[in-house]
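Shared between the two complexes below is chain A, which has chain B as its partner in the first and chain C in the second.
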Partner chain A sequence: MTNLMVLKIAARNVFLHRMRTLVVGAILTFGAFLAVLGHSFVDGVSGGMENSTTQSITGDIQIYSENAKDKLSVFGNMDGSPTDVGHVGSFQTVEQELLKNPEIVSVVPMGTSFAQVSPGNILDHFLEKIRKSFKDPNHDLQDIESQKRRIRFLVQEIKKNLEGKFEEIGILSATEAAQAKVNLELLSRDAFWADFNDNAENKIEFMANKIAPLIFDDNMIFFNYVGTDPQMFKERFPQFEIVKGEMIPPGTRGFLFHDYFYENMVKHKVARRLDQIKKKMKDDKLTIAGSKEVQDQIKANVEQSAEVYLQLGPAETEKVSVKLNELLKSDEKDFRVLLKNYLNMADDNFQQRYDFFYKEIAPHIILYRVQIGDVLPLSAFTKGGTSTAVNIKVYGTFRFKSFENSPLAGNFSLMDLVSLRELYGFMTDERRAQNKEIEAEMGLADIGQDSIENLFAGPSDANAKPAVATAKNADSVDLNFKKRIMGSSYTQEELRNGVFLHAAIFLKDQSNMKAVIEQINETSKQNKLGIKAVSWQDAAGFIGQLTFMMKAILNIFIGISLMLAGLMIMNSLLMAAMNRKQEIGTMRAIGAHASFIYRLFFYETLFISLLFGGIGVVFGALVVMLIGKVGVPASGDVATFFFSGPRLYLHLNPMLIFVVIIVMVVIAILATQYPAWKAMKISPLQAMQKRE
Partner chain B sequence: MKKVVSKSLFYVALISILMSVTAYAEDKTDAKKDAKTEIKPELTQAQADEIVKLVDDRQRNSGDYKSLVFVKETEKTKEPRLFQAMVYRRDGDDKFMILFTKPKEEAGKAYLKIDKNLWNFDPGTGKWERRTEREKLAGTNSRRSDFDESRLTEEYTTKYEGADKLGAYKVYKFKLSVKEGIDVAYPVLNLWVDQADKNILKREEYALSGKLMRSSFYPKWNKKFSESKKADVWIPEEIRIFDQLEKGNSTIVLIKETDLGKLEENMFTKAWIESKSK
Partner chain C sequence: MQPISLENVQKNYYLDKVKVSALKGITLTIDAGEFTVIAGPSGSGKTTILNLIGCVDTASEGKVVVGGKETGTLSERQLTDLRLHTIGFIFQSFNLIPVLNVIDNIEFPLLLQDKLSPKERRIQVMKFIDRVGLSQYSNHRPSELSGGQRQRVAIARALVTKPQIVLADEPTANLDSVTGQNIIDLMKEINTAEKTTFLFSTHDHSIMNQARRIILLHDGRIQDGRLQETP
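Moving on, here comes the complex of A and B:
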């Protein structure tokens, strides 16, 4: 019999058992739809993540020391700790060898670690300012008086704040709390301020040591940074752009905050919350009345109104007070109450009050705890736990276009590699030579713990007291130091000759990544470079594994639904075979071969699979194309990273359609086998017996 | 982050070491009493408590103190780092200062502790950073006790573990366990105290889990008469610390020169430290 006839009979069977066909078809449609849409979505996210990661930090491939203690994960471990990857000797040597590979476009040296800045609290800030003014021989007395009034006002505010709350500070014992009260009382007397100018240094130190610690102080800023060649970084990461300030000039030491970090961590708390609320209202269409999350932020601003009033001086307080009463149409005399009333915003007045904040309040407060142009003493712990600090100028902030709001892409601030080396505690030749001198002065040999008891050999008579020398006087050290001016520039040679922790490699064609990784590892072995190469996914650590996990979960879902469909097809075919025993027996009796029966069943299944699978594929493809046009909005900052932008636009991969259709055929083949085998075993005799 | 900060923080360790073990004042009357009632290797609980109290008492030094200190920090697989610093204390006012003198990059940098404030000065920027106790210790495994004078008797209960020998020296071995409700860096200590001089020769510090964190050895002691105390002060000349978590990491502290005379009145101030860097 011809295939056409078999097809006709199969189609007849499909329509004859409509209910069964519809149930099986629905499952197949769903499976195919999920496969197309899900894979397109995961591919979209995967591509977005790849873009976010490779275009912000990793490049296509990362290299690091082959002797590294940990596996490289540029985003750190799950607990936030940086991975210990050691370092590689000379960047120049490695770069020269690697650039011989025609597939490699460039190598960007890097080192990622974390550091901290401690700008001090508001009183620290004003005390340092007045201290500086007093040190200036040409200081302006009027300015000093104004600063004194400012500090006195602030101290009064602190006193008011702490009234009856000393115990709540937590860190003060009863005695310390009593002393703090006495100190605050002392400062509220005119006598303290009357002779301030004659004894300024002592009075300022008194306040710095006794009063400033009374302010709740969480001003320490911790951040991750990548040390690199800033010019090369900018060139190789094309989405890099300066937002505030300027780019670090070539050959100059400098620091750039990531703008996301600067806006979310360095900015004044109240201001940053207002910005966040505005963004949520605009982008996510949230309302204050309808969102608990936004209400909590409003509440936090009201509770932390001290962050604003402690920063305003007496004149500013008066000025803002008048404006606030005008805005609120009130006549509130207590500025604290007035400010709280103002910060307690609602949907209908938010925008007006937001604008007011930036126009009338922000100019009088410290809007950013670190200003662009500041020279920071930036401290960090070296690999061995040693604390080091470098002084580094903040030139500005940067971001990566299209995922500027991504906290993960915004994870790293940026500094030059030479400063990173210093912060990381690498030894310079000069330091090495000085080490030798100090060691000679010490005159002590290294002794391992195993032989440490030799140091206690002591006198031969064990009962004798150890010989005790009289300590030498400590007066021989010259204590006049020349201020070490931190080098503000470096040569390209200096940058390239030194060590690096890891490096980003950019390829001509990313699809050659695997082959190039092998080639780099081979080159390293041959030339003893001491490096190993990993893909960007591996270098991104747990973040790089997320797409793999998402794909695995999606495929499990698709697999389950298709397996279910396959089983149902098999079951229904089996039932059909049993119900159609006579028909099949008769066919066999009139000469139909077993292969005809097999084809009959196979075509029936193929028909269902292709028809409904096809519907699923078409439906899925339409949805993908629709999303490809309108995009899925990134509902949060994390989603921005995964989507590599504010919206995710899906793309239809023709290969995916082809694969889904092949899978449908495979399901048809698999599901046919057992029922067809059973049907083929039906003999004409069985059909006739049944009839009798 | 945890991983890095949990390692021995050099400055924290240095301050801790220098604040807690620099001066052991031996009161002459105590010495005479000891000589008369020589303590035998078998100690009663009262005698054990008395010895540990003696160790504590000797560390309370009300006078001024100045010393020249060398530190060598050795890390496995890394080159050692060496520093020279002047250490100043005024225990009566709870003031403490480290002024780094060598190498050049560190010269002029200083730590100044007044009350609970630990000030950090960098002559490069001329800026001061005030770190409150809370901040300073945030994320590290250091505690307030690291920065205070020895309070072994107040914070720990002593258990005498018998006489022992450390090299040629006869020592008493004590196990100290933290008292309930007291927060200390290391809840269990083992001390080896020289039977003759009552100086600590070895100290082991254990974590709550019972893991040995740090072993310190005090092989050399110097003696200096203090006018303010009218007594001898014992100063460990050499301290060798072995990190037991990161095997191979060690620190040597050498207190080379000491002066117990009165220091300038205005020394523990920002102005004084700033004046040293021009």
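Moving on, here comes the complex of A and C:
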């Protein structure tokens, strides 16, 4: 029964000392609010990143060679360099052993690395097109004439752009600059074009070699890719879907861009900026007038208007010019000025000009630097560090449903594992066959190497001499390889029997991850599989650790605010104990034990903690639920990365509320100890102190 | 049985390492049902004697027996229990718990004792509220009562557990003379009716004269070493 009395006294004390209660309460409310909102936020980010990572690349567990030099980090090192994880011998053997574990649903072989492709600049593109037209026996002369006009126009534009700037271009020597001037002059004469059709091959080659390199642009595309069994990948990552083009046909070599990458890195610069601005205006309610970020993009489009007009031929320029003057209600003769005026968009005309772009301009420009169906010359560094290349067909683009806008999930493009092996420096059945064919043609004997790499390894002993002799030929042979399209087929057996760098493992129940990792490592030891297993967090490398770090930082903040609240509570209780000496002394004199005094203080703190902590929790939960509906817009690339998409939707975890309330009780207990101890020490003699 | 006996009790304090003797060899017995005043000038040791008998302080030397128990041999916990079950306190400054109303203040020691059911407690509390004439103020907080009313509440709180001994330290010092007289009348009435032993300190002569027995202190000693019997 005394508890009821203690509670009564505690509660009344709380209300009696309103100011103190409010100050302490405000800090507690803030702490609890921060804990609920902050943790929901970090959980949201963490969940988003987990989903982006596990559902796009890592699966639940990753396995890789136990002899790997580096720790597996599928996203590479912090500095962007790929990790060297070595390789594992046969996928089939590993898969067979692992699938004996009933917890494991599937194993998807992989290899992640990065490659580059130079799709050529606009002149390369036009020259390639006209070259193809000439080769077509049924070519349309009218079309060829139109293409020629376009190329000539482009060359004139290049000449205009470079006029007076040759000296400023540091990469050209004085001789090269002088030669370039002469070459451009030559092309501006009618004579060059008069007999073009008779000598097309040479003239095209001349322009490809001498004029196209004068367009200095950042045309190289660098990207990360995952080499895998595309069919299996599609099956095991259920959110995978084709956006443009088609899936790589089974048993065929091929490449798929991630649509996010394709839209953001491969698409025409001006078009992609317009898309981004539209998205920001729609999703984030930004305005051109009100956002520096959007203004900068508009400015960039104006400054890079050459990206548009250089791609338009004379006929298109004239056509677009008329339409643009109509749109802008102007009579501008200079197309460049007209285009700049058009691209200098404002809030009231953006949508109209955006629509105009896709209706009137986009059909005449190269909207994507790499087209679906193109055969890309991909180049990469092999495991030994030498450069290698394969030609591979782009079948389309893909995305992962529900996080299509996640830069994290959009990090990897996709290719078949056989091509990956080749880029990585392994001999494939196809290449081995081609090698034999070429060797036969050139009268060489099979050198018995299992890797192209070894051809360049250099002599290590006297017996290596034939290899050195072969190497020179192999270099020239390699050029032939590059011209071949590696879009041909491979057998399932070849795919499964070869090496892999790492593999994604999917579990029946993700909560068993730790146990299964141990089981896999044990299986590997027993069967000498040479693999080790790591969690998806570990495999995600620094990205996997980001949420851990975010949680740590958040907890430090919450910890500081709660510690502050605890100290404030302690201080105020201590003052209360001192101010209430006679009251406490009286209680002790009347017959209250020291424990009664302790409870009095504890209940007082508990009351404050639960009341204000509760208010903080409720307030935090309401905000979380609100954000759960509306979502926090990601402003900028960094936020998009952390949110794993354009918006972060929070979810309320009931366990979190429970934990926060427990933490509040713990704070109450801790903050009570010292003041309560001091109060318990108050002698009943204090009751006898006289007050006049 | 004598509820209170002191045998050659000394109480020393140290003020800056200087020993101050508040009581210098007090020997005293008080019989059950006595209504006794401890009188003397300020600093004579009145409050110190009450503190020792009230078990809120212990003697430096000698023996203090309260309710048949020698207080010097008891633990802190046992002393608390002795106070709870044997002694009722009335303080000069009333010392009510400010956040509790009249009923709760009076009920407080009963709750600590935890002997009665809520219903029995309620009956007992209401009986004593009625006895001190505060029925219409039962839900008032101490701050809403006059000094005399507060002291009545304090008397009810001291008596509600029916203690053997009631100790009152200058219970009328903060009251006007009429109210002080009313309080003394009330204490006397209860003393007569309940046979409770009353021991209180005062330096008010008019009140002193109403006690059945006066113990006169001077400089930590009982003056002339004898008791003064009043008519």
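Keep in mind that, in the parts below, the second predicted complex is superposed on the first by the 579 of 692 C-alpha atoms of A that agree within 3 Å, B and C clash if a C-alpha of one lies under 4 Å from a C-alpha of the other, contacts with A are read in each partner's own complex, and residues count from 1 in each chain.
In this section, contacts are C-beta pairs under 8 Å (C-beta built on N, C-alpha and C of every residue); 3 or more make two chains touch, one makes a residue touch a chain.
What you see is a predicted model; the values in this text were computed from it and never measured.
Once the two complexes are overlaid on the shared chain, A:E241 sits clear of chain B and of chain C alike.
By the document's definition of touching, neither partner reaches A:E360: not chain B, not chain C.
Judged by the touch definition given at the top, the superposed model places A:L685 against chain C, while chain B stays out of reach. Touch counts on chain A: comparing chain C and chain B, the chain ahead is B.
Once the two complexes are laid over each other on the shared chain, residue contacts for A:F596 go to chain C alone; chain B is not touched. Once the two complexes are overlaid on the shared chain, A:G120 sits against chain B while remaining clear of chain C.
When the two complexes are overlaid on their common chain A, residue A:R12 makes contact with chain C while staying clear of chain B. Shared contact residues of chain A, touching chain B in one structure and chain C in the other, are absent. Chain A meets chain B in the complex at residues 76-77, 79-82, 84, 114, 118, 120, 124, 128, 131, 171, 201-202, 205, 208-210, 212-213, 217, 220, 222, 375-377, 379, 381, 383-387, 389, 391, 425, 427, 430-432, 434-435, 437-439, 441-442, 444, 446-447, 449, 452-460, 462-466, 468-486.
On chain C, the positions that touch chain A within their shared complex are 47, 50-51, 54, 56-57, 76-77, 80-81, 83-85, 89, 91-93, 95, 97-100, 104, 107-109, 111-114, 118, 157, 169-170, 173-174.
By the touch rule above, chain A contacts chain C in their complex via residues 1-2, 5, 8-9, 12-13, 16, 582-583, 586-594, 596, 683-685, 687-688, 690-692. Of all residues in chain B, only 1-5, 7-12, 66-68, 70, 72-75, 78-84, 86, 99, 101-105, 107-109, 114-117, 120, 122-125, 127-135, 138, 165-170, 194, 196-197, 201, 215, 217, 219-224, 234-235, 237-238, 240, 242, 249-250, 252, 254-259, 269-271, 276-278 touch chain A in the complex they form.
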